[in-house]
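Got some structures for you, see below.
Next come two complexes built around subunit A: one with subunit B, the other with subunit C.
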Partner chain A sequence: MSQKGKITVYQAMLLFITATYTPAVRLISSVTSKEAKQAAWLTPFISFILFIILIFIIHSIYRKYKDVSFMDAIYDIMGSFLGKIIVFLYLITLIILLALYFRYFAERLAMSIYPHADINFFIIVMLGVVGITLRHGIVNIARMNEIILPFITVIFILLSLLLLPNIKIENLTPISYKDILPVFNASFSVTAIWVYVLFVFFIGDKIKNKEEIKSYGIKTGVFLLVYTVLMIVTSVGVEGYSIIARAPLSYFIVIRDVSIFGIIERVESILIATWLLSDFIIISVFSYIILELLKSLFNFNDAKPLVNVFIILLYFLTFYLAINVFELGAYSEKFAIPSNVIFGLVIPCIIWGVGKVRRKV
Partner chain B sequence: MKRAFVYLLICIISVSLTGCGEIYMDKHEINEIDLIRAVGLDNIGDNNIRMILPLLETQSTGGRGSSESSSPGQSRIVKEDGRTIFEAEVKVHSYLMKDLSWHHVQFVIIGEEAAKEDIVKYFDFITRDHEPRLSMLPLIAENDSAENIIDQINTSNTVIAKKLKTITDGTGARSVSSKLELHDLIKMLDNKYASSYIPSIRLVKRIERQGEDKDKKDVELNGYAIIKGRRLIGYINDDTARGLNFIKNKAEDGVIILKDKNGNQISMEMLGAHTDIIPKIKDNKLEVDIKVEAGFAIAEYEGYKDIFDKKTLDEIVKAENKIVKQNIDSVVNYAKKNKADFMGIGDSVYHKYPVEWDDYYKKNWEDNFANIKINIDVKSKVSRTFNLREVTRGKENKK
Partner chain C sequence: MIALTILLIIISIFEIKNMLENNQKKEIVIFVCITIIIWIIGRVYISDPFRPSIVNMIMSAFGIQF
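Showing the complex of A and B:
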């Protein structure tokens, strides 16, 4: 099979890491500290175990289905009819998630630095950029991401280093057996983001050297574990869980207080640059996956002609999703997190289990 | 050709968007902004507040209480009333010729009446709005209004924010106050088992001035306002405030005056201190040990005797221990009497015994705290003196 127009597992994992950055900055510190309080920094360890299980499942499925998409694997394992229903449900989930990220991208800018700006402006600009990018395919997005992710990583490490002296250990302690249940419950929000790795592998037919999923998956898991723990430690360690739990942009308010030798301040502008880049990647990747899902579900030959219609529909859905940012937040916490865990972890486990029983995996 | 046209179009749109004021409403040129560095907030009764903004510009604005004329360098005071802080802020916008920027607010002074009413109410706008930072320093106007404090320190050659910065930077010199950032205060206020402390400032007449500033006063940090729940309950000053600084590991510098056997005074300069709060459960009873280690230097001696022999130094150490213990005793007694744990004793118990705290101690903590046994153990040392050791003509006086 031709390897042209395909990305490597390494590039797929990089796309996934960049895609997790934007929800992590917005959600993880805040939601985990709401539930696990000072012990929030322990939640990624539980999510790490679940992530590794998911990686093993993906690896196991793709060991048998080397050159097909995840959708084709689902059709084969679950049967065509049930498979189409499952893929349709994934399609709906991903469209809603994408609209959520689009809206969050604009609302976050309005909440943080441009309170009087018309969010239409941000959404239309991003839709335009994503529309152009989608026409060039996943390879171009992956290559662009190979520049974007190192930039985000370097900035994140620098910001974390600047925050280290302000961390107070008493904000991260004490830890006792009473924290086990809250940590476990809070870990769902981290897991809900890390399961996006499955969505990236929906376009498995566009990914080569899939025998390396396990190896790169574990490395990715370790990377995510380190950066998520660091993000929670710096947020909760500096501001305390009671403030972080109430902050819609928790990591942002921590970065706002960074001062370099009392001379350079307002470094949050660079954080905004990184989350815009991450927003661009997650929106582009999810849009691409949705187009591939549509292609698979309705047996289209090419998804490119759908781009324009899709972008226009997405614009309206972005506004219909929620009236205000409070609804958006409630939707995110009460619907998106459980649905992500169900579609990103539970259903793949069931598919893998059925595959094992039917000796297809 | 088509591609070149698209790129050209993108370039033209990008360039034209830089002046896109209709869409991008938050764009402000630097000369259109008034930077707020300090803000005062007062309760003026009838559920109304007064916001006082010292702005750095010599220009008449015609606001409710704005100074019509001011000298170069002097702050222009803008005062506005409203039912809420935000309403007052919006009113200021309506007549001020520049846009107010809260990004660089360093100090927020809360008047005493406001603090007595409900301090949380006055911090809501500042913590909720997207412009101010949580690293600003809150201050309480002791026995005064924020308005009067700002008016009094606004002399012809004083920039108010600079003046406040100077006194807060110098808190270590006497160790009777400290810097407290807003996020640390919010954490204390969020803790329903603890009370809070906020540095307090007061007006004093220290510097004699001439001309239009003749009646103006100075401002000093001299202790803390104590907040129980959401309201101000009182102040701790001088030695009691220093006692709190010892407990909170904020005692950096300061002077302790001792006397030798002949009544000659010795000035001891504090070189630093470290305190451990150690809760312990003995026979199901909670006790707390406060262990302080402090270092001192002999900075001044009025007498003529040699005080550097071991015996005298031991006596000095004993006297130091006694004074530090008295400082700490004073704040502990105040806290127990008011059932207000602003010293972080409950937090220490929670950190050492999280399970027991959750199951038992946190319930009814106010009463538990008032009855808890607190042992204070001070170990100080005299580390050094400086340029000269024996006093001048000391040997002659000995004869």
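Showing the complex of A and C:
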């Protein structure tokens, strides 16, 4: 099979890591603090175990279905009719998630640095950029991401280092056996974001050397574990769980207090730049996956004719999704987290189990 | 609403022309269906932007208080 127009597992994992950055910054610190309080920084360890299970499932499925998409694997394992229903449910879930990220992208800009701006402007600009990017395919997005991710990582590490002196150990302790259940419950919010790795592997037919999924998956898991723990430790350690749990942009609030040698302040603008880049990647990747899902569902040869109309659909869904940012927040916490865990972890487990019983995996 | 309709017609003419050149007849039918669905969603939103949102409908359907 032709390797042209395909990305490597390594590039796919990089796309996944960048895609997790924006929801992680927005959601993880506050949601985990609400549930697990000062023990919030332990939650990624539980999620790491679940992530590794998911990686093993993806690896196991792609060991058999080497050159097809995850949708084709679902059709073969579950049967064509049930498979189409499952893929349709994934399509709806991903469209709503994409509209959610689009709206958050604009609302966050308005909340943080442009309080009087019309979010319509941000949405139209981003839609234009994403529309152009989608026409050039996943390879270009992956190559762009190879520049974007190191930039985000360096900025994140620098900001974390600047925050280290402000961390108060009493904000992260004490930890006792009573924290086990809250930590376990809070870990679902982290897992809900890390399961996006499955969505990236939906386009398995566009990914080569899939025999390396396990090896790169474990490395990615370790990377995510380190950066998520660091994010929670710096947020909760500096401000304390009660403030972080209530703040809508918790990590932004923490970064706003950073000062470099008392000379340079207001470094949060650089955090906004990393958010925008991560938003661009998650929106582009999810849009690409949705177009591939549509292509698979309706047996299209090429998804490019759908790009323009899809962009218009996205514009209306972004506004129609929620009236205000409070609805978005409530949806993220109360519906999107359980729904992501079901679609990203539970359903793949069921598909893998059925595949084992039917000796297809 | 008129702007949306004109925009969708222009895009449809452009894309259908390309699909006809590539002999993608089945794709044209599905493309037209998807375009009509998008037009309906656009019309529903434009007619009343403050109607209950999708989030509101989903949360109410699942009985989630917010």
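As a convention for this text, the second predicted complex is superposed on the first by the 361 of 361 C-alpha atoms of A that agree within 3 Å, B and C clash if a C-alpha of one lies under 4 Å from a C-alpha of the other, contacts with A are read in each partner's own complex, and residues count from 1 in each chain.
Note that a residue touches a chain if its C-beta (ideal position, glycine included) is under 8 Å from a C-beta of that chain, and two chains touch if they have at least 3 such contacts.
Given the structure is predicted, the values throughout are model-derived calculations rather than measurements.
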{"item": "Clash-or-fit label for the pair subunit B, subunit C on subunit A", "value": "fit"}
{"item": "Touched partner set for A:E239, first subunit B, second subunit C, both or neither", "value": "first"}
{"item": "Contacts of A:I96 with subunit B and subunit C, given as first, second, both or neither", "value": "second"}
{"item": "First (subunit B), second (subunit C), both or neither touched by A:N308", "value": "second"}
{"item": "From subunit A, separation angle of subunit B and subunit C (C-alpha centres, steps of 10 degrees)", "value": "120"}
{"item": "Which of subunit B and subunit C A:N299 touches, first, second, both or neither", "value": "second"}
{"item": "Partner chain(s) touched by A:I253 [first = subunit B, second = subunit C, both, neither]", "value": "first"}
{"item": "Which superposed partner A:T173 touches (first subunit B, second subunit C, both, neither)", "value": "first"}
{"item": "First (subunit B), second (subunit C), both or neither touched by A:Y331", "value": "second"}
{"item": "Partner chain in contact with A:H116 - subunit B first, subunit C second, else both or neither", "value": "first"}
{"item": "Where subunit B and subunit C come nearest after superposition, their Cα distance in Å", "value": "16"}
{"item": "Subunit A residues contacted in one complex by subunit B, in the other by subunit C", "value": "none"}
{"item": "Residue ranges of subunit A touching subunit C (in the complex, touch as defined)", "value": "96, 99, 294, 298-302, 305-306, 308-309, 312-313, 316-317, 319-323, 327-328, 330-331, 334-335"}
{"item": "Subunit B partner contacts - residues on subunit A that touch it in the complex", "value": "111-118, 121, 170, 173-178, 238-240, 242-243, 253, 256-257, 259, 266"}
{"item": "Subunit C residues within the subunit A interface of the complex", "value": "4, 7-8, 11-12, 14-15, 18-19, 22, 24, 26-27, 30-31, 34-35, 37-38, 41-42, 44-45, 49-50, 53-56, 58-59, 62, 64, 66"}
{"item": "Subunit B to subunit A touching residues, read off their complex", "value": "23-26, 103, 130, 133-135, 183, 186-187, 190-191, 347, 350-352, 354-355, 358"}
